[in-house]
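Once you scroll down, you'll see the structures, which are given as structure tokens.
Across the two complexes that follow, chain A remains constant while its partner is chain B and subsequently chain C.
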Partner chain A sequence: MSVRDDIAARMPGGDAGLIVATLATAYILYVLAGVVLGYDLRGQLNSLATLTFYIGVFAMLSLALNLHWGYTGLFNIGIVGFMAVGVYVMALVSKPLYVAGGAAQVGGLGLPLIVGIIAGMVAAALLGFVVALPALRLRADYLAIVTIAMSEIVRFSFLSGELQQFQLLGTRVGFGGGSGLILDFVPPLEALFRSVGLWGVYLGFVDATKVIVPTNPKPVVDGLIYGLLLLAGVTVFFWLLKRTGESPFGRVLKAIREDEDVANALGKDTDRFKIKSFMLGCALMGLAGILWLMPQGAVTPNFFRPRVTFFIWIALIIGGAGSNTGSVLGGATFAALLYQGPRYFQNLVTTVLPNLDSPPGFGQAVGPLISQLDPVPFLLYTIDSIRQLQLVVMGLVLIWLMHNRPEGLLGHRKETASVISLSRPKAAAAATDGGSADGDVQTDGGVDVADSNGGVDDE
Partner chain B sequence: MSDASQPVDEVATKVDEGALGSFASGVQTTEEYPLRVEGLRKSFGGITAVDGATFQVESGSLTGLIGPNGAGKSTTFNLITGMIKPDAGTVTFNGEDITGRDPHEVANRGMVRTFQIARELSEMTVLENMMLAPQRQRGEELWRSVLPGVRNDVREQEEELLERVWEVLDFFDIDHIAEEYAGNLSGGQRKLLEMARALLTDPDMLLLDEPFAGVNPTLEKKLLKHIHELREQGYTFLLVEHDMDLIMNNCEHVIVLHQGRVLTEGTPNDIRSNEEVIEAYLGGNV
Partner chain C sequence: MGIAETYSRGREFAIERPFALVLGVIAAYLLGDLLLGLVTGQTQFADIGSLVWDGLMRGLVIGLAGIGLSMTYSILNFANFSHGDYITAGAFSGWSTTYLLAGLGRADIGALVLVGAGGSVYGGTLGIGMLSTPLAVIAGIVVAGGFTILLSLAVDRTIFKPIRDEGGITLLITSIGVAFALRYLMQFVFGSDVRGTTAQPPSVGLYLVDGTVFIDAHDITLLVIASGLMLGVHLLLQRTKLGKAMRAMADNEDLARITGIPTERVVRSTWIIGGGLTGIAGYMFILWKGTLGFNDGWLLLLLIFAAVILGGIGSIYGAITGGLVIGLTASMSVLWIPSAFARAAAFVVMIVILLVKPSGLFSGRSTA
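What follows is the complex of A and B.
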């Protein structure tokens, strides 16, 4: 096997150990970067909270995509559409009722946040159903076309003036159109802690952290706690999808991925399985979208451009499609290195080398490289525009992976699709062990098969 | 029947009659002819692949379906099992009209096929391949597999299934490769896996599409032995095969397809001496 498989095999705790090690490495790197950048404690904590946030959302989304692609072989490139529907429906349900003269142009139905979240997930799943029904009967590529088209239709629908505001149940609601929608419901953390009656305790805890962060610690603590909640969300996603995969249901999904005709010929109603798997994944994508945008204060349709979908695909491919641990690892690696990394790298370089002026344009950057073989201006220019080059870097990583490690970091797909271990049950093992030593295997029924091993092996 | 019994005994002398009793839950075919095909017709563009084929398969028999290339054997198989829909004609299985049903519905009713080129599920282990096959698994409902508590029911059934799976693996002598990925198997092992898998669906009838193609003589003997053992348990077999000797020596009834129609049918001896069959194979307008 390849080198990385060895690493995974040698890692204490196996895949889980690898995930912990990766997360630890990422956090240490970010703390070190923070030290070099001269962050104070508040800055460090904020930077870690942001990192945790992105690790959380990308891990959740790549887990959901793994159910579609890694397990069922469904080529969904409209992820962002399901996220958008999740968020917007949640906002519609949970925003407070419209009050004339308020900051928000439109209101919502004023229902509790949890109702909104469930409604958002259900809406995403139903959209998945509508999309899947015609497309799943066709081959994989058609589903891809349908889903990406759907995600753009969703984005343009939320952009459109028609849906900007309308009357629903006698109150003024809407999706805000291109200018965005203010998410003026109770902040999610507050809603969560109030619902379990711990809001006072939480505020006390925030107050106590003044020892560490003297002024206004609440945003910092909020960010960190929300990050931890997202990691808890990743755990729930992981648990759910692991159980889904390691079951007869997951077995059929795997079989569909491998060869749908075979699964069908063995009596499995593959369309039903595909639709269920697709809807579950879409609901989870809706939830991940909600968790991503809920604390942001506002949402605009143009956040949901297809590039976000491809970010999630890159995360999954880095980690390894078909493996839940791989999905988490991919999400974390993507968030730390490719999504947040370039910005930190640029800041680091400009902090360490503050006096370097990068050339103002591409011509001035390339000119010295060609005329005097001087690469410095070009390098400086590259670093200066690294955030614009982020997509290029991602593309290069993707190409490299496709050539050198198409199965991703943990794409071994060794998660057995069964509720139980499939090794031979003990009673049966005892019955046959005695005979196998001399090659004279006797099965329970007494079929003499000693002569046939050669026939099977020598193909 | 008397023609066929001789080679059967030769191959399967050592077989205990109850060898499969433990995992074959009994075949419930009541019809004398579980499979009846009437006037089946299918054309692709201008080519009529199957042109009014009519035949029936006797319960508990090993029936061979032969014919020159392009006679419509594979298409007939696909039509019977619902992989493609016929233009006309009916397929009746155990007294029920299954014409145009989806493959999974046909399989659920107890008729399971194997494929000409073994189609293993490569990135699943042999065990996973086998565990997939049994019908009506509780855990195929998502909620049962996920929710705590009810998952124990699933676990229980999985344990029962696993025992059966290992028995069948032993029977087909592929227990030593149980943990392998199916994609790593040799051609012959794939054939064994495919038949074992089909058997685990607990069918009444098995449709085998060229099960011996690309299989070495030792393995061929072994596969035949398995087929005869299973037939004695009451399974019905319909077999597409190119190897004439093999069909003649093992099947008690042979159906000859030619240009999408049944040219003739009968015992191997009838077929052997039939002028039309010789014509179809050796000259004629194939």
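What follows is the complex of A and C.
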């Protein structure tokens, strides 16, 4: 169909090779940018750790969204609400008990981190159940409106003063309100290594890295190890979703996506399947939210604005809904190019051109352009407000994708609902360029043949 | 009709529609709680009066903006998430005009055009208001409507038209992209600060049982303009050929095209009517509440969706009624729950309607 698919086919190692190649490209670009920025080794390692972190969280979230949208066809645009509930419930359970005079205004239940994480996932799944109940039987766009309304309700609730602090099981707990919540539990890495009895070994390893990073290597090593753990988490998500997708349960989900009435007619209780799939995805979103915010030290409700949901949707659409490989690739591409990229570009420009004061507002920026045809202040203002323009660019990218490649970068890779491949044997398939079972010549950009193609070459 | 029959019918009702029964009980409880508060003097009649008036005003804005959303929803078959940012765009364009006319010669033109970005000039200092600077306000209303019409036509031509035949979800995702691009473009130009736009308007106090309810000049302006426009849309849809064509298209687009209705022209008219009303709603919203920020339209959008779903997608009377119900809910919920949850209460009303009557209050009466 396109060059891109040929690349995927010729790539050594198939899809895994494609993912590795994409990641490698991103890392090389970032190292080159770091060289231009004059980073020392510490700076380089830090920037790679940050990149890995965002690739990890976005890949996980788009995998979870893929279960909703790509597999089951549930249009969830309230992702951020499930993340928020996951994080806040985890904090409530795992924060240490309240001590008067401490830094934290409120305490938690003081249970181990792992209990908190499970509680957060369960809470996110339960919220998913409550949301799904009224909306699943209705049209897809109703679910969209209900989920986004829910995510805003969650944000306003955590912002409100009423939930700032309250008594639970005789101890003072709360969600901190608008000023945020300090996550003062044991750092996740320490908790993880202590639980397997390797904390001493880890500290020894950190000491050993002094050869590379002489002063205070711990934050750098922590960042890198956490990033690697997130990538391991992505692998687990991937494996879980692949298993789910290939199971009889997953085949029913895909059947629902293609035609719910048919699935119903075949005796499947589609509502039940949809609710289960929705809850599983919500739990994974809660987990991804926890993993995103756990190492940050604090959390405020306004982090959970709908724009984060929008990020994840772009990541999924870049990769192509319906494909797990695509989700990971989309998450990585989004994190490297659209999310972190503009900030790096801003850093690059300010390093190359230091000591330039950008105008404080649009008026002062555009004034010289009109009166003296002097574009410099305008360009400086543009660079300075790159974080807002980044969202404009993302919006335009989304529009462009929907116009030109609604099936994502990798082309049609939606998994079929059937067990056996519906595509023609390899030779014929090559002739019609991945032609479908009913003999349609596939057109680039058509969506109607999605279900009859891609059964063999995906994952 | 014996007692037994009434009893069995009651039991059937309880079994068939348990949600409705539970809702009835909750509504009765809330009403009882309110009456008890009134009798014991904990709640004052005047407070309730103020909240009702506030909810009515909010409802008019939501209803006015909801008409446009409802029309595009039923005729183009997609939930337009960029509608909220059309509201903001209308508000910024209109207020830019108002600032310019009201403050010309008294402040820097750039600062006026950018609606006082970064605190360079304040609406209160310029003395903006319906009674103090009527021409500037009226010009602002006209520009807000006109600019939003142009914006929605341009977006439709470049972005929505090429994918008109795709499914509703494709268009919905695209409209989210449009929403973010517009919103942050406006933040880029106008800055992210929330500015006060009007001077304190004169108001009259109406005596109500045990206190006063204040009604100011901007409330009256909103009431007059919103009801005038709503009446105008009603006449347009009922009395003209265009209205009939729109109803036909909302019912079945293919059939409409076969019978010779120029569907693209109807779509354009839809955007013109919807866009104009939306822009004016945005301007009036800011005039009424007195502050302007780049997020205002987006925050209002979810309430508008609630109103449109409540009223039944495609029905303009539904949008108006839904708007009033949602506005009143958002304002009056503070009688029972903390004010931080007022917005949440409006969404809960929407979810409840989805449960009990998913097609909305005015279902099946497309665009009229």
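FYI, the second predicted complex is superposed on the first by the 378 of 459 C-alpha atoms of A that agree within 3 Å, B and C clash if a C-alpha of one lies under 4 Å from a C-alpha of the other, contacts with A are read in each partner's own complex, and residues count from 1 in each chain.
Here is the rule we use: a residue touches a chain if its C-beta (ideal position, glycine included) is under 8 Å from a C-beta of that chain, and two chains touch if they have at least 3 such contacts.
Keep in mind it's a predicted model, so treat the numbers as computed, not measured.
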item	value
Partner chain(s) touched by A:Leu240 [first = chain B, second = chain C, both, neither]	first
First, second, both or neither for A:Gly361, with chain B first and chain C second	second
Partner chain in contact with A:Phe310 - chain B first, chain C second, else both or neither	second
Touching partner for A:Asp259 - first (chain B), second (chain C), both, neither	first
First, second, both or neither for A:Arg251, with chain B first and chain C second	first
First, second, both or neither for A:Lys268, with chain B first and chain C second	first
On chain A, positions contacted by chain B and by chain C	447
Residue ranges of chain A touching chain B (in the complex, touch as defined)	240, 243-244, 247-252, 254-255, 257-259, 261-270, 273, 276, 280, 322, 413, 416-420, 422-425, 428, 432, 441, 443-449, 452-459
Footprint of chain C on chain A - complex, ascending	75, 77, 134-135, 137-138, 140-142, 144-146, 148-150, 152-153, 156-157, 159-162, 307, 310, 313, 317, 360-364, 366-367, 385, 388-392, 394-399, 402-403, 406, 447
Residue ranges of chain B touching chain A (in the complex, touch as defined)	14-16, 18-22, 81, 83, 102-104, 107-108, 112-113, 115, 119, 121-125, 127-128, 131-133, 135, 137-142, 145-146, 151, 154-155, 158-159, 162-163, 165-167, 170-171, 173-176, 178-179, 186-189, 192, 197-198, 201, 216, 218-219, 221-222, 229
Chain A-touching residues of chain C, taken from the complex the two chains share	78-79, 108, 110-111, 113-114, 117-118, 120, 159, 162-163, 166, 168-170, 172-174, 176-185, 187-192, 302, 305-306, 309, 338, 340-341, 343-344, 347-348, 350-351, 354-355, 358
